[in-house]
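Below are two complexes that have chain A in common, paired first with chain B and then with chain C.
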Partner chain A sequence: MNIVVCLKQIIDYEIPPRAFRIDRQKKKPAMPDASLVIGPFDENALEVALQLREKAGGGRITAVSMGPESAIEALRKALAVTADEAVLLSDPAFSDLDPFGTARVLGAAIKKLGGADLVLTGRQSGDWDAGQVGQLLAEELGAPCVNFAFRAEPGGDGRVRLYKETPGGAEILEAGTPVVATVTNAETNQLRLAKVRDLMAANRKPVPTWSAADLGLDPAALAAGRIEVLDLYVPTYDARCEFVTGETPEDKASALARRLVELKLV
Partner chain B sequence: MAGESTPQQQDQDFADYRGVWVLVEHARGRVNTVSWELLGEGRKLAARLDVELAAAVLGNQVDHLVDEAFEFGADLVYRVDDPVLEYYRTRPYCHGLSSLIRAYKPEILLLGATSMGRDLASAVATEVLTGLTADTTMLDVEPPPSRLLLASRPAFGEKILATILCKHRRPQMATVRPKTFAMPPRERGRRGPVIDAPLGLTEADIATKVLDYVAEEHYGLKLQEADVIVAGGRGLGDPAGFKLLEELAEALGGVVGASRAAVDAGWISHEYQVGQTGRTVRPKLYIACGISGAIQHLVGMEKSDMIVAINKDPRAPIFQLAHAGIVGDLYQVVPVLTRAFRERLGGQPLLSA
Partner chain C sequence: MDLSNPMREVYWNITGKNLMYVLLVPVLVAFFRGFYSKYRLWKIGRPTRRRDNWRRRLAGFFRGAVVQEKNFRDRYSGWMHFFIWGGMLVLFIGTANVALDEYLGVPTMEGLFYLYFQSLVLDVFGLLAIVGLAMALYRRYVVRPPRLHRTPQDAVFLGLLLLVLVTGFVIEGLRIAVTEDPWAAWSPVGWAFAAAFRATGMAAETMVGLHRFSWWFHLALAFAWIACVPYTKLTHLVTSPANIYMRSLGPKGRLEPINLETAEFLGASNLRHFTWKQLFDLDACTECGRCQDACPAHATLKPLNPKAVVLDLRDYMHEYGPLYLRRAQDDPWAAPAETPDGRPVPVMVGAVIAEDALWSCTTCRACMEACPVEIEHVPAIMDMRRFLAMDQASMPEGMADAIRSLETRGHPFRGTGGARTDWLQGLDVPVLDLSAGGGTRGAAGGAGADGAGPDADFDVLWWVGCAMAFDERNQKVARSLARVLHRAGVRFAILGNREKCTGDAARRIGHEYLFQTLAGENVATLNQALGNGRPRRIVTACPHCYNTLKHEYPDFGGHYDVVHHTEFIRELVDSGRLKLDGEVRETITFHDPCYLGRYNDVYDAPRKTLKDLSGAEVREIERARESSFCCGGGGALVFVEERIGTRINQTRARQAAETGARTVCTACPFCMTMLADGLKTTSGDEVQALDLAELVDRATAPAGPAAVGAGTGASPGDGSR
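Up next, the complex of A and B:
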């Protein structure tokens, strides 16, 4: 089974709000030196792929990332946890694409790879969090999409069995291939740590870079997005906190308890 | 974009696209209340645009849902009633809703940012070639003639808000998290016109088939329905801290919640998480213990009626949002609160009025 996992390299989502800077004119983050990580749900998707390959007793995992040169680090990490190969999609025409443009680029790359039986993406990127690329990619590939999957297993007759989060629990589906699934986080799909030996092997693997021209894509057509950012800002909260005072923590707690009773909240 | 030679390619005034729609989400005969919350918010948008507010109801034998939609504010209902729609699956629901959109052309379509709503919204946006803003926490419209939907949502680890426009495509679609907006009042017996449309799809046309449905106890649902939530974060320092919070929650007839920091530390499972990647809650009382107040947590609980914060650090961002706060050690404060409420309530449930 050929599995493609789409990974996005993003600004570390753990950077505290007070350290986060945005350029309100350009409507972009202004964080040139920020540490970069793989999107959290993309890591879950990679783990789902690794477990599926184990359960199937074989298969090939290709990690694909669209991004600047630095995104090769995300792909190296995927290789280090034993993805079989990796491809970087990088071109000035690929910067600032909306989700529709992103899906077009990823779709072209997967076609160039010769297609895939299963394509996995995170349910959302972890930075802009538009949460649409997986579904749009399925459309590009003419494949069905299963959203909010958290686990995959080999199904009967070459099908894929997918476990999907639903409002009341989980659904198990079997889909024919090719199929796209967006992956959500669960306790069972936290990305494993790389072994030292695999880390070193990952650094030696060649990672090809494909441009718009390599993928036969017209940069001008990619640039015409469907949605745009009007504004980007740090939200402010105007609630004023009433600090409960007292000599000891016990006094404060008693005063708070009385206050909540006064307010008829308790 | 290349290959998308639709009439919408060029700027238009979209005069044939009018009205605000809400997709009514339901499972096993029960509506997800986010749909009614969206009718409440949709009413405001419709009023500003001077258009009708419609509900789209898809399913099998959904007459009772249609009646409810009117009672929660819909002016009219578009209905697709077909056995194929017995339970939610992406393809048939996408087909039905997309057909309705093509036939009746809404300018705005809102769905709950639930697993179903997110799934359906992205499928429909792809199908009808429009833009979509997911997980919005604020909605507004520019008044006519622009009529643009201003959809804002957290981005970048939920540290900042982005306002997104869809200028060149219709409908303008957004998903909204449950409990972001208040429930509208219910007007019993209110009715309106129903427009029926065929699904035009059979079982054989559908690529995925549900094999089995595994019902799990889902803690998140209880969390979203609770009147009182006592939540813990990194400041607990230890998983055992949740025992203290449970005692306080129990004394108040509430439930325990957690920040992502506490979940990531492995102290409590993901089902308990409040915030952008967890649940959005709107209880009457939210007590945040040892939670610093990352935006990703705040967007999940900022609509709570009363927010109480207990934190050692007086500069913690949670205090900017809290209505009442105690600067102090939660391990000293929480047990006193628990005792006080136990005595006060004598074992009676809270908020019984």
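Up next, the complex of A and C:
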């Protein structure tokens, strides 16, 4: 079984809001020292793939990431937990793509890989949280899509059995291949730690980089699907404390009522 | 008989004594064969150097094997053991003297030497040996302390030895009774036995016959006992002194690094992965159980018992070690899979030693400190943890989270939602700027005191440590220490975001790879920060950072002058730069952090400072200094939820509270976390945990209204978080 896992490298999601810095001009996060990590649900997707390969007693996992060169680190981490191979999709034409454009690039890469029986993505990226690429990728590949899966097993007749989270339980689906599933977190799919031997081997494995040209994509056509960020800021929450005074409780109450009316709160 | 020359007839009444030497042959064969087969098992281990520096080794040998200092920490067993081994040694020398007299003509059996040594001293030591044996039997079978277990072996060889000694006196008594030895009084015990025999009215011929029988019986017993040595725990007669001689001379806190580029295996999962010394350790064990008594994990019902670790590995080595001697064809580092009769060989890590046992070790070193024969439990446990952590990627969940966080964020606190410099808000703490240009800059949001200049003007680099920087309670300690350093006029700087975890947490989990990654980054940073200009010191308030910076970074190219804040504060007080004028009306007890005390022998500096606090009354916990009881946080266990047994931190909190002190002073952020929690859950708000820096902060605060609230260490004007 050929499994493709799509991973996005994002800025460490554990950075506290007060430490988060933004470049208002470039409308981008400005944190050169921040750690870069794999999106949390993408990690779950990778773990689901690893467990499926174990249960199936074999199979091939390819990790794919679209992003800047730094994203190779995310792919190395996937190799370290024993993904079989990894491909980086990197091209200036890929920057700021909307979910349609992203799905197009990922779809082209999967086709170039010779297709896949199962494509796993996180249910959403972990930074922009759009939550659309998985479904759009299914459209791109002409495959059905299962959302919020948390576990996958080999099904009968070459199908894939997917466990899907529902309120208060799980729905079990079997799908023919190819199929796309977006993965959500569960107790069973936290990404495992890498064994040190695999970690060291992962650093030596070649990771090819494919550009738009390699994928046969026209940069001009992709440019149409570029997102323009109009503004980006860290929301601020302001709290002020005001004391309402008065001689007697009655005075205080009426002063409070007046103030609330002034503030147009009542 | 010449009455002016005291003597006795050697081999009186014994004919055919040369038969003795015939009997000795199989005894010696058994003895040396036994040790040879053990030697072959030890050689399964990897090489390591343990014979260098003989002067230091000999000095340690004298203290450990001759004076037996550690044995005397328990007075009863100290004397008991001294009587037995001293007695046996003196009697052995006495016997050897007989041979000298008989075969080499050295006159040991006549004159004053005969009277004083061969008669009196031997008698007295023989009696002491009997007393020692009686003490041993009484303790093992009547008192029955939990640290001693009882095997048939123990009974047999204690009984055998007692019989050897008693028959020795029987022989002497019979000889005196029959020969009417004029110097009998010089052998008081033999003389008493003789008197007893005479009192029975036994005929002389009977006594002569009985003497002859006893002589051979005594000899047979002694020979049997000698033959037993390599096959029972009597092995320790040879291996324990040797083990003391070959003990580790390196810094106590340094773990042996692994060369990850060339390593053919990671950690220890079978006997081949241990060093020969680690295997030798197993045969040096006397089964005394002091390690078991010292172990905080064992005391709180965890599945770890250091004595059991040693004995289980020893039994595994004795049973399956011979199979290792046939070298495997394919993988020279693999363990044998099955016995010749097809039984599977149990897995060393997992079956022989349970994983839970390994993960229960706080690496507190109490076992090693207690061990009278210098067995190195912690490095062996660490080697097996290394196997689990690196080869199997298997570890408790809390540790896995710490590893994940260390990998991506350089600190082990997952989900803290904090930043490394949060704690210094509002304080004037210069952060070293290591980007081109250098210098220091004021803390973000701080007073903006630029210590600028390309060659930043600081004398001391303060290594803050992750726990101090991220943990809310310990941030208060950091703030106290910052104030104290300012008051003493210390010119210091910190590394801010350039500081990463020293890697102690990763290393003690067993993840040497991650440790070495972090060590490499930190050494590069530190060498840059401390590289040029005058020599500078590193001060840190975390004993774990302290130990790693001081003892483990030299292996990775980092050689620094490191002081712990308790030592540094002591220096500042001694040199008059810090005046402890303020009153600290507290009853205080000091909890020794393992990595400060046992690992680095810093016991007195914090105590002296506490005694200097005016108004303070210092009390000692029963388990203090070398025998301090771990808080439960060492070995990265501070990150793990304690699910088995009772809680170590509560046990320690109770021990501390029993002193009646209202303040438990410590000097380690992990101890702080564990004790604060332990005290809260066992004594509510009655007893508080404070760091030494916080008490010194109070004692040095400018006069005025009480600057410090109980347990907060925060002075007015501090932005509270």
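By our rule, the second predicted complex is superposed on the first by the 230 of 266 C-alpha atoms of A that agree within 3 Å, B and C clash if a C-alpha of one lies under 4 Å from a C-alpha of the other, contacts with A are read in each partner's own complex, and residues count from 1 in each chain.
By our rule, a contact is a pair of C-beta atoms (placed from the backbone, for glycine too) under 8 Å apart; a residue touches a chain by one contact, two chains touch by 3 or more.
Note that the structure is predicted; figures quoted are calculated from it, not measured.
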Once chain A of both complexes is superposed, is A:W128 in touch with chain B (first), chain C (second), both, or neither?
first
Thinking of the overlay built on chain A, is A:E14 touched by chain B (first), by chain C (second), by both, or by neither?
both
Counting only touches as set out at the top, which of chain B and chain C does A:S35 meet: first, second, both, neither?
second
Chain A: partner with more touched residues, chain B or chain C:
B
For A:R197, select first, second, both or neither according to whether it touches chain B, chain C, the two together, or no partner.
second
Kindly classify A:K55 by the partners it touches after superposition: chain B alone (first), chain C alone (second), both, or neither?
neither
Overlap the chain B and chain C contact sets on chain A and report the shared residues.
12, 14-16
Enumerate the contact residues on chain C facing chain A in the complex.
260, 266, 390-393, 395, 400, 403-405, 408-410, 414-419, 497, 511-513
Across the complex, what residues on chain B touch chain A?
1-3, 27, 32, 88, 90-91, 114-116, 118-119, 122-123, 125-127, 129-135, 150, 153-157, 159-169, 207-218, 221, 252, 269-270, 276-277, 284-285, 294-295, 298, 302, 305-309, 314, 317, 319-329, 332-334, 336-337, 340-341, 344-345, 350-351, 353
List of chain A residues in touch with chain B within their complex
11-17, 20, 22, 27, 29, 40, 98, 100-101, 104, 123-124, 126-132, 134-136, 138-139, 144-148, 161, 164-176, 179, 184-187, 217-218, 221-222, 224, 226-235, 237, 239, 241-244, 248-250, 252-254, 256-257, 259-261, 263-266
Under the stated contact criterion, what part of chain A meets chain C in this complex?
12, 14-16, 18-19, 33, 35, 37, 192-197, 199-200
